[in-house]
Amino acid sequence: MAEHAATAHEHPNYVKVWGILLVLLCISIAGPFLGIKVVTLITAFGIAIVKAYMVAKNFMHLNIERVYVIYLIMTMLVFVLLFFAGTSPDVMKWEGDNWVKPKVEQASSHAAAHHAE
Amino acid sequence: MRPIANTRSTAGIPTGRLAVWWVVASEIVIFGGLLASYVMQRLAHPEWTSQTAVTNVWIGGFNTFVLLTSSLSAVLAHQAAEHGDGKKAAKLLYYTCGGALTFICVKAYEWTHEISEGYTLSSNTFWSFYYTAAGIHALHVIAGGIIMLFVAADAKKNLELHRVELIGIYWHFVDIVWIFLFPLLYIAK
Amino acid sequence: MAEKIAGAQEHRHDEHAHHVETFWSKYVFSTDHKMIAMQYMFTGMFMALIGGFFAYTFNMQMAFPGEPVPLWGGIVTPPQYNALITNHGAIMIFWVAMPVLIAAFGNFLIPLMIGCDDMVFPKINRLSYQIFFLSVLVLLSSFLVQKGGFGGAWTVYPPLSAKHEYSLTPMGSSLFVVAVALEFVAFLLGGINFVTTAMNSRAPGMKLYDIPMVVWMIVIASILFMASVGPLIAGAIMLFMDQNLGTHFYDPKAGGDPILWQHLFWFFGHPEVYVVLLPAIGITADVMCVFARKKLFAYRTVLYTVFATGVLSFTVWAHHQFIAGIDPRMAHVFTITTLLISIPIAEMMFVFIATLYGGDISLTTPMLWALSFIAEFLIGGVTGIFLGASGADIYFHDTYFVLAHFHYTFFPIAIIGVYAGVTFWYPKMFGKMMNDTLGKIHFWGTIIPFNCIFIPLFWLGLAGQHRRIYDFRNFPELAQYQPVRVFAASMLVTMLLFQLLFIFNFFWSLWRGKEAGPNPWKSNTLEWTTESPPGHGNWKTLPTVYRGPYEYNVPGRKDDYWPQNVPN
């Protein structure tokens, strides 16, 4: 029953939140037109994070929810980041030239020298 | 004899809401895994830019507007349900469903256009991710819309009003997924 | 105290008072957690017969290559061999270990042990079994389609699994992926039930530290499953699309990456082994406390250790990929985390030993299984350390050393843990006692052959015997070890024959076993305070809890046990 009382007088003005979300949407669309990559990234993803936060806090009432729900959500996000961190060295840089393989390089340069003869 | 199990709240939170949060939690990892895979592949393939340039930011932006507005009507429906006004809650839920339908129709138009131009599921791995990610999201929109219709039907008779909040939480999650899909597929391409 | 659900004025009325039960409503479409548990258990046991038969068949092929295999109906061809080993692995993990350990025991025990009348979402519970049953049908159908079942290993690596010209099983590959995906959905749904019920529907007075360990373990396992399966669900959808819709997610020629699949798979695959391990540990802990008449040593430490293990289990996955061509610098990281995770597991072993120390031990059949779990899993655990070191793994990867290691972990989990649980809770489930003498013969007839099969396999792995090979006569340096393979196959046949004793005992006791009564083992936990088997709604009056589950041999008390629901 505690949540009843809390939401009754603590809830934000939902229409105002929606208005801010729309403004943020417009900014994020406008971002690329400036042509600067960093700005585009910030307006695109930075704003996305802000919008998600606002929806989570104000519409999903995470601010008055039991705190372990927030821990649960954060933990899942951490796992997604963990997956990204563990996989990206292999998938993002798939050419496989992140490290030097001296023996292989010696062997191939010998082979090249042999072929040249 | 009514079942006792789902009337207890030892964890201090109504069971239905607890369950929806667990559903959202597992969906975060599903979408997170998919989007992380997309980001990794996108960063590994700068040459995809010629494909990603095709997506239309205005259609995507309009769909974002539709979803954000439907989230507004969903949370207003929750507010109405809290005050015991089942009819108003149902009406607002129907608006949310309308938003879902609009989203799907716009997407259908968008995809028809892109497919007719030759950008199909298998034409390039970017498009594979595009259709898969947006497609799985769209399935969640459709599922959410259908469930919402059932919840609204009950709410109109002032029955099971707590479910308005629950479908709302799910709906906001679907909205948040799109909030991230939109920049990934339309802006920072 | 039951709290009203906020905002709910009225509910539709589900009247349970005067329903007439037909065969279909009682046994097939039941929403009662106990019946759903039985459905999962019997389905899992049936699949164990199939998985065991597959193991028998491919072992016979390995031991007597090119010879017709009795009961199989001819010789085993190479594609059949591949399909047998692939599906043996997949079946044992997804269709035996998970349904029995998590779904069957979870469904049966959780409401009973927390003092509740059913799960919080009985209809979703039923739906989860129906989806699971569908996954069984899809998997079984994959064996019957043209070109047979998928044969690309349970790890389903693309491009072998993605391209039909490599896998040679155009329909089998897709059916396999669909079956696994359906199984995942079933367990996601089930898991939500378990977690929500355990969190929210406990009896009055049951605090978090009064929950029996097996309930904790199943709940934590469900959480681990929910948190890890997401990327693989996404990956499986992508693989299905590669197989059937012409996409190239995993095709390097077209901008995809097969290593991505490996990571998606193992990010789930490693936590998955802890998902099945934890319930087995929970069953062992509860059985041991009852038959040592002693409380669990360091309950809270075990709990925190399990949380730590759960979190750590997400950081070790690429140790399955050490020689797949991953970044060697990441291999450093994964070696360290893999070696670290052995510490909490070792600590749990010590806790079990400390629990036994000074206890009043009775060697009943369930206790024998529980004790053997510790001994056998220990072997599995320490051999994992060799594999976790990336340098050593360069040699060991894909040899029989790995196979012996994971059978020494999976067998305790899926077989020993299950037998411990079934022999312990059989009286509660069916109201009869199983025959203890037969149980003990079955026990020794399983354990001794099990070790005879797999200890030599460590040695074969060291000798360089590779996994997933159809006929070792093709490898001159390995052909000489054929007598070892024959020995292993003969031990496997022995072990499988002893399982007939269990099957006989199980069904004979249903009809002719001694009446069990509510609490034949004199245990403390709540499920033993109601009749055997529990009726609809489990209790006429739901219990209240006054203490933890392990108050055995408390000084000053007449009985050596103190049930949780007894006020004084």
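Just so it is clear, A, B and C label the chains in written order, and each chain counts residues from 1 on its own.
One rule holds in what follows: contacts are C-beta pairs under 8 Å (C-beta built on N, C-alpha and C of every residue); 3 or more make two chains touch, one makes a residue touch a chain.
Everything numeric in this text was worked out from a predicted model, so none of it was measured.
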### Query
Taking each chain's centre as the mean of its CA atoms, which one is farthest from the centre of chain A?
C
### Query
For the chain pairs A-C and B-C, which is connected through the larger number of C-beta pairs in contact?
B-C
### Query
Hey, how far is the Cα centre of chain A from the one of chain B, in Å?
18
### Rounded Å distance, chain B centre to chain C centre (Cα mean)
34
#### Entry: For chain A paired with chain C, centre-to-centre distance based on mean C-alpha positions, whole Å
35
### Residues of chain A engaged with two or more neighbouring chains
4, 76, 79-80, 83, 87, 91, 93-94
## Note on the structure
In chain C, the residues touching two or more other chains are 3-4, 6-7, 227-228, 230-231, 257, 260, 264, 267
### Task
Send over the residues of chain B in touch with two or more other chains.
11, 13, 22, 25-26, 28-29, 32-33, 36-37, 40-41, 44, 82
### Task
Over in the complex, which chain A residues touch chain B? Could you list them?
4, 7-8, 11, 14-15, 17-18, 21-22, 25, 28-29, 31-32, 40-41, 43-45, 47-48, 51-52, 55-56, 58-60, 65-66, 69, 72-73, 76-77, 79-80, 83-84, 87-88, 91-94
### Query
Once bound in the complex, which stretches of chain C touch chain B?
2-14, 16-17, 111, 116-122, 188, 191-192, 195-197, 199-202, 206, 226-235, 237-238, 241, 245-249, 254-257, 260, 264, 267, 537, 542
### Task
Give every residue of chain A touching chain C within the complex, in rising order.
1, 3-4, 75-76, 79-80, 82-83, 86-87, 89-91, 93-94, 96, 98-99
### Summary
The chain B residues in contact with chain A across the complex are 11-13, 21-22, 24-26, 28-29, 32-33, 36-37, 39-41, 43-44, 57-58, 61, 64-65, 68-69, 71-72, 74-76, 79, 82, 168-169, 172-173, 175-176, 179-180, 182-183, 187-188
## Note on the structure
Touching chain C in the complex, chain B uses residues 1-11, 13-16, 18-19, 22-23, 25-34, 36-37, 40-41, 44-45, 48, 81-82, 84, 121-122, 124-126, 128-129, 132, 136, 154, 158-162, 165
